[in-house]
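You will see two complexes here that share chain A, one where it goes with chain B and one where it goes with chain C.
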Partner chain A sequence: MMIRQCWVIMQRELFYMWRDKSLRNILLVGPLLGLLLMAGVYSSQRIGNISTAIVDLDKSSASRQVTTDLKNSQNLQVVAYFDTFSQLEESIKRGEVIVGVVIPENYGKDIALQRQTKVAVLIDGMNIIYATNASSAVLTVTRTLGAQVGIRTLIAKGIQPNQAQEAYQSVAFPEEAWFNPTANYAYFLVLAFALNVWQQCCTLASCMTIIGENGRRSWYQIRTSGISLFKLFFCKSFVHIGILLLTVLPVYFLAFVVFKLPLACGWSSFLLFTLIFILALHGLGTMMSSLSPNAVNASRYGMIIALPSFLLSGFTWPLQAMPQWLQHVVWILPQTWFFQGVSFLTFKNPGWGFVSHYFLALSLMAVLFYSVAALRLMVSDFPHKG
Partner chain B sequence: MEPVIRVTNLAQKIGHKLLFQGISFEVQPGECFGIFGTRGAGKTSLVHILAGIDRFKSGQVAILGFNIKKTEKFKRSLGLVTQESSLFRDMTVVENLDFIAALKKASRAAVREMIESFQLQEFLTKPVTSLDIGVLQRVSLACALLNQPKLLILDEIIKDIDLFSRNLILQELEQFLAAGGTCVSTFSNFVFSQSFSKVAWLEGGEMTIYDPEGAQAEWNRQVKYYAEQSGRYDD
Partner chain C sequence: MIDVKQILNIAHYEIMRIFRERVLLAILFIVPLLYASMFGLVYVSAILQHVPLGIVDLDHSQESRAVVSAFENTPNFQVIPQVSTYADLEAGMKNGLVRAGVVIPADYSQKLAQHQLTQILTVYDGSNLIYGFNTRKYFQQVLNTFSAEHTAAYLSGLGMTKQEIVNVMDTVSYSMQVWYNPTFSYATFIYIGLVLMTLQQIGLLGVGLTVTREKEENSWLQFLCAAVPQWKIFIGKALPYFIANFFNFGLLLWIAARFVNVKIEGSVGLILLLGLLFDLIIVSVGFIVSVYFPNSLLVTRYFMLISVPIFVASGYSWPSTHIPAVINTLLRTMPYTWMAEAFRLLTVKNLGFEYIADKIMVLILMAAATTFFALTFSKRRKPPAQIGPVVNSALDYPNKNF
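Moving on to the complex of A and B:
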């Protein structure tokens, strides 16, 4: 009879979630749509073809060499040549070009006479990501150009060409980016953004665990039936957790199998980590649900937690760059452990010794949140809140 | 014989309002105990306390010998029909019967029996939100009777419903009482006062118990008194 009771409660919860069209769509479509949109947004994987304009006030062979080097650079695309600085300024203001290079008058002469000269490089800093990429692309060109001019200057001063070259290459700084060597934005952001959509949906759904039941008049049927509330909410939660896990599986399939995003730790560890996060998140939602006077407030509480949690997780803006006090506070959110863990597990797989405390922290959070919810239910008067 | 319900010095406060100021009463096995009061007198609150839904400020309530503050065992032998439908709104009639049967650990045979007794066959696949109030109350009572309760608590069950459903419900209630069941029911229309063994009159946080004739006499007295007071009495 007890097994039948549990089975019937779980079945009812499943049907309830399925029949609630908005909940069904949020859970099924939300995360997948999020992933597909993000995959579309980051499909180019990196920022190239950064529109660049050149103002050549010198028009010498040396200045034309600069223009050629800029045209040949990997990520810059020269789209305009202006005669004056003000034309360039206007174009940057209108967003037509991101990078502007101004070659001064007498540039060629100054180089030939080994006099110091200055090529102005202007970057539109409005979009930080664009600006950073533009800066990096320009730096590649200017560094090479500077070295070439320097070598030529040394040669002009009578130093042997090979000695001049060695002087500039005596200390090499070869860059080697690990884990995401091509600085692929898709690797970095697509999964995380999709999981952010998913965790928001999960938080909102979890916030209905208790209030979705005791906020309705049908709660009277449950209260007078004498069924143990532990059994009731255990069965409901079991279904919720299963559903939340099922909704993320298509996202993982698309991310790791179709889009071939990195998964360094392997499927089993990552799924286990996800399951434990779901427990913590569902626990958090259940706790909020138990503390809310009605379903509307439960949703509001859920939104307050779910929306900023991704930003606070340190995924996009490093925790180390946050104020000291905030760096500690953000760890009370399961999302912080999750998104930090996702980074480590998908890119690096630093080993059980390192990630075990992520598993442990999320497990402890789950226990804490469910305990608070249970205590709240025990001390509550079970009033009808409708 | 031990009373089915024994309420001693029950006090209840909702917000700043003292709803009951230490009321006491007993309901004996086989009795049909009516609770009368005007709107806001506390009928529903009292019913919810007896059904173990709401907690109370002070006093003692024993149902079927169990102190309801200490145990929920009495709920195995309890059936409740609330004033406003408390069926599961996302389910059909048969789903409600099946689900509530599972909650109450009642058998499928009990479900079939209730469907027949309350003539619910044609409504089984309909969502409860689409039912007329009479059918809704039949389904509600059917759900309350699934676990063959010893005590049935009803909150305004036959108010404003169609005559067919009303007669069906009254017939089932008579059978329930004839089989030894005990019933507590609230009512706000004095027409029904003669259906009860005793009538508890709730007013101003206090309760007065009458036999049906006494309750009717008090009702008549009050009707006459207030009519005279207002100058509307024509006799």
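Moving on to the complex of A and C:
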């Protein structure tokens, strides 16, 4: 009898979710569309080929050598040659080039005469992603170019070639990007942004748990039918959680199987982690639902938290760079635990000892949120006076 | 002479509605402030410094200590003393204790003494590329300085005088200037984009419910039947939101400049013009959506979800030069893309009208088109659609007070 009743409630909830056309569209299409859009946005994966312009005021063989070295550098792409500084300035203003290199007049002559000369490198700092990559590329190139000129100068001064080389190149500095060896932006952000869209869709669905019942006129019938509230909301939540988990599966399939984004921890751990997060998030939505007089306000309350939660989670701009007190406060949001956990689990898999805290915290949050929702429901004045 | 009394009456009625609905009032006047403060706190440090660094010095010589000192003497890194072995570094990188590492090999000083090539390994955490790219830049800066010092010491060992060393090493110097945002301030980079997105969302969520609310209370019919032209209904209903949005625009920019230290330069006139155009587009779009959507729940749901995709794909953070043309074209239909780009060129690059004229033109066209549709919405009453049983998608949604 009890199982049959649960089954009927669950069937009814499924029917309700399906008949809610906007929620159905949001859950079915939203997360997938989010993933595909993000995969498209970050499809170039790396900031390479940074558009660079050269103003060669010298036009000597030495200055042409600089041009050749810049053309051969890994991340810079020489796209324009200008005759004057003002042309370069204008091009940077218009955003046509990001890096400008100005080789002064008499550059070759000064080097030959061992007189000091200065090459100016200008970077458009408006977009930091560009500017940071451009700076690294420029610093690497200038170190190499500086060494080449220095070696030639020393040799010209009568220093042995091997000694001249050793003076500049006795220490090499190889660099490695761990966990994401090609510094791939798609690895870094595509899944995270898609999951951000998904958690917002989940929040909208979760915010209907209680108000979706006690905000309807049929609530009187349910109250008088004798069905226990625990059974009713447990069965509803069970369906919600199952649906929310189902909506993330195609996202994960596309992300990890088709787009081959990194998943260091393995499927089972990641799915379990996702499930625990769904519990916490659904709990939060249910709590908002219990505190709201109608579905619009429930959605507003839930989304006011869900919208900025990704930025606050420290997934992009690191927590360590935020004010000390805020670093502690943001951990009250389940999204912080989730997105931090996603980063650790997909890239690093630091082991159960480390991530167990994340599982525990999310579980405790779920218990807390559901408890508040249950308390609120129990003390609310239904059937309402109206 | 246009009779403005009807417009003012409708605007007055709408203001009463806003003040009566406390949540809406909070969304219009408190949430923008809350979000601006929250984002401000997140980015207030602006520059990513003190990157936790683990140094594995396997040599423990005087030469290797010079390397360690080079990293200790920069505010960009914070050397974490708990990391001293390669295993520590691996573990620290995995659990987030450190985000970068330097490994000095055991034979470092020996190879230097034997005039053999040696190497110092630098590693950074690629799982967060904001850390990663900044760390790489900081590494290059430290290593350039270290290389120069190393070369100077080597030449000194060859018997060259200080002046001779300076002459050799400064034969070619490279001056690197970063224009417009020389300190690499993340606040200047990203904060205004977030503020504009907040204004868009709050604006849409406010005006987006102005008609649906009437529909839910069966009072929209009175507007449709009344002898008041459409354009007056739109202006009257949208005016309070237009003013509130513009107030928020000014307030949030003031917070950005005053408390978050975001660089805001450029012509005040152009800033105001952009703000007015963006505001006009937002209230027009919000009103049109409100006219054609059946209830407030749907409007809230759809409007809430558009912020992340628009922000990410707009080219504001990840440059549009690296986004496929089809997505760029799609996002060019969004006013946010033009507004954010024009606003950044104006306030960060401090460019004049001629540089953003095309963007202003697009915004004017968008404002004209959306305002036209809002002013001329159809007052025709449609019979309820026969679409069978629906949940939450008809003229009502779960509400305890119905």
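As a working rule, the second predicted complex is superposed on the first by the 382 of 386 C-alpha atoms of A that agree within 3 Å, B and C clash if a C-alpha of one lies under 4 Å from a C-alpha of the other, contacts with A are read in each partner's own complex, and residues count from 1 in each chain.
The criterion applied here is as follows: a residue touches a chain if its C-beta (ideal position, glycine included) is under 8 Å from a C-beta of that chain, and two chains touch if they have at least 3 such contacts.
Because the structure is a prediction, the values reported are computed rather than measured.
Shared-chain residue A:216: touches chain B and chain C both.
Contacts of A:227 after superposition on the shared chain: chain B is touched, whereas chain C is not. With both structures placed on the common chain, the touch criterion links A:5 to chain B but leaves chain C unconnected.
In the superposition on chain A, A:174 contacts chain C only, with no contact to chain B. Ranked by how many residues of chain A each touches, chain B and chain C are led by C. Contact with both chain B and chain C is seen for A:19 once the two complexes are overlaid on the shared chain.
When the shared chain is aligned, chain C comes close enough to touch A:94, but chain B does not.
Judged by the touch definition given at the top, the superposed model places A:379 against neither chain B nor chain C.
Residue contacts after overlaying the shared chain place A:344 against chain C, while chain B stays out of touching range. In the superposed pair of complexes, A:43 makes contact with chain C only, with no contact to chain B. Shared contact residues on chain A (touching chain B in one structure, chain C in the other): 16, 19-20, 216-217, 384. By the touch criterion stated above, chain B contacts chain A in their complex at residues 48, 51-55, 72-73, 75-76, 78-80, 82, 84-91, 95, 98-100, 102-105, 143.
Those residues of chain A whose C-beta lies close enough to touch chain B in the complex are 1, 4-5, 8-9, 12, 15-16, 19-20, 216-227, 381-384. Note for the complex: chain C touches chain A at residues 23, 27, 31, 35, 38-39, 41-45, 48-50, 52, 93-96, 99, 112, 115-134, 136-137, 139-141, 143-144, 147, 150-151, 154-155, 158, 167-182, 184, 186, 189-190, 194, 201, 205, 209, 296-298, 300-302, 304-305, 307-309, 312-313, 317-319, 321-324, 326-327, 344-345, 348-349, 351, 355, 389-393, 397-402.
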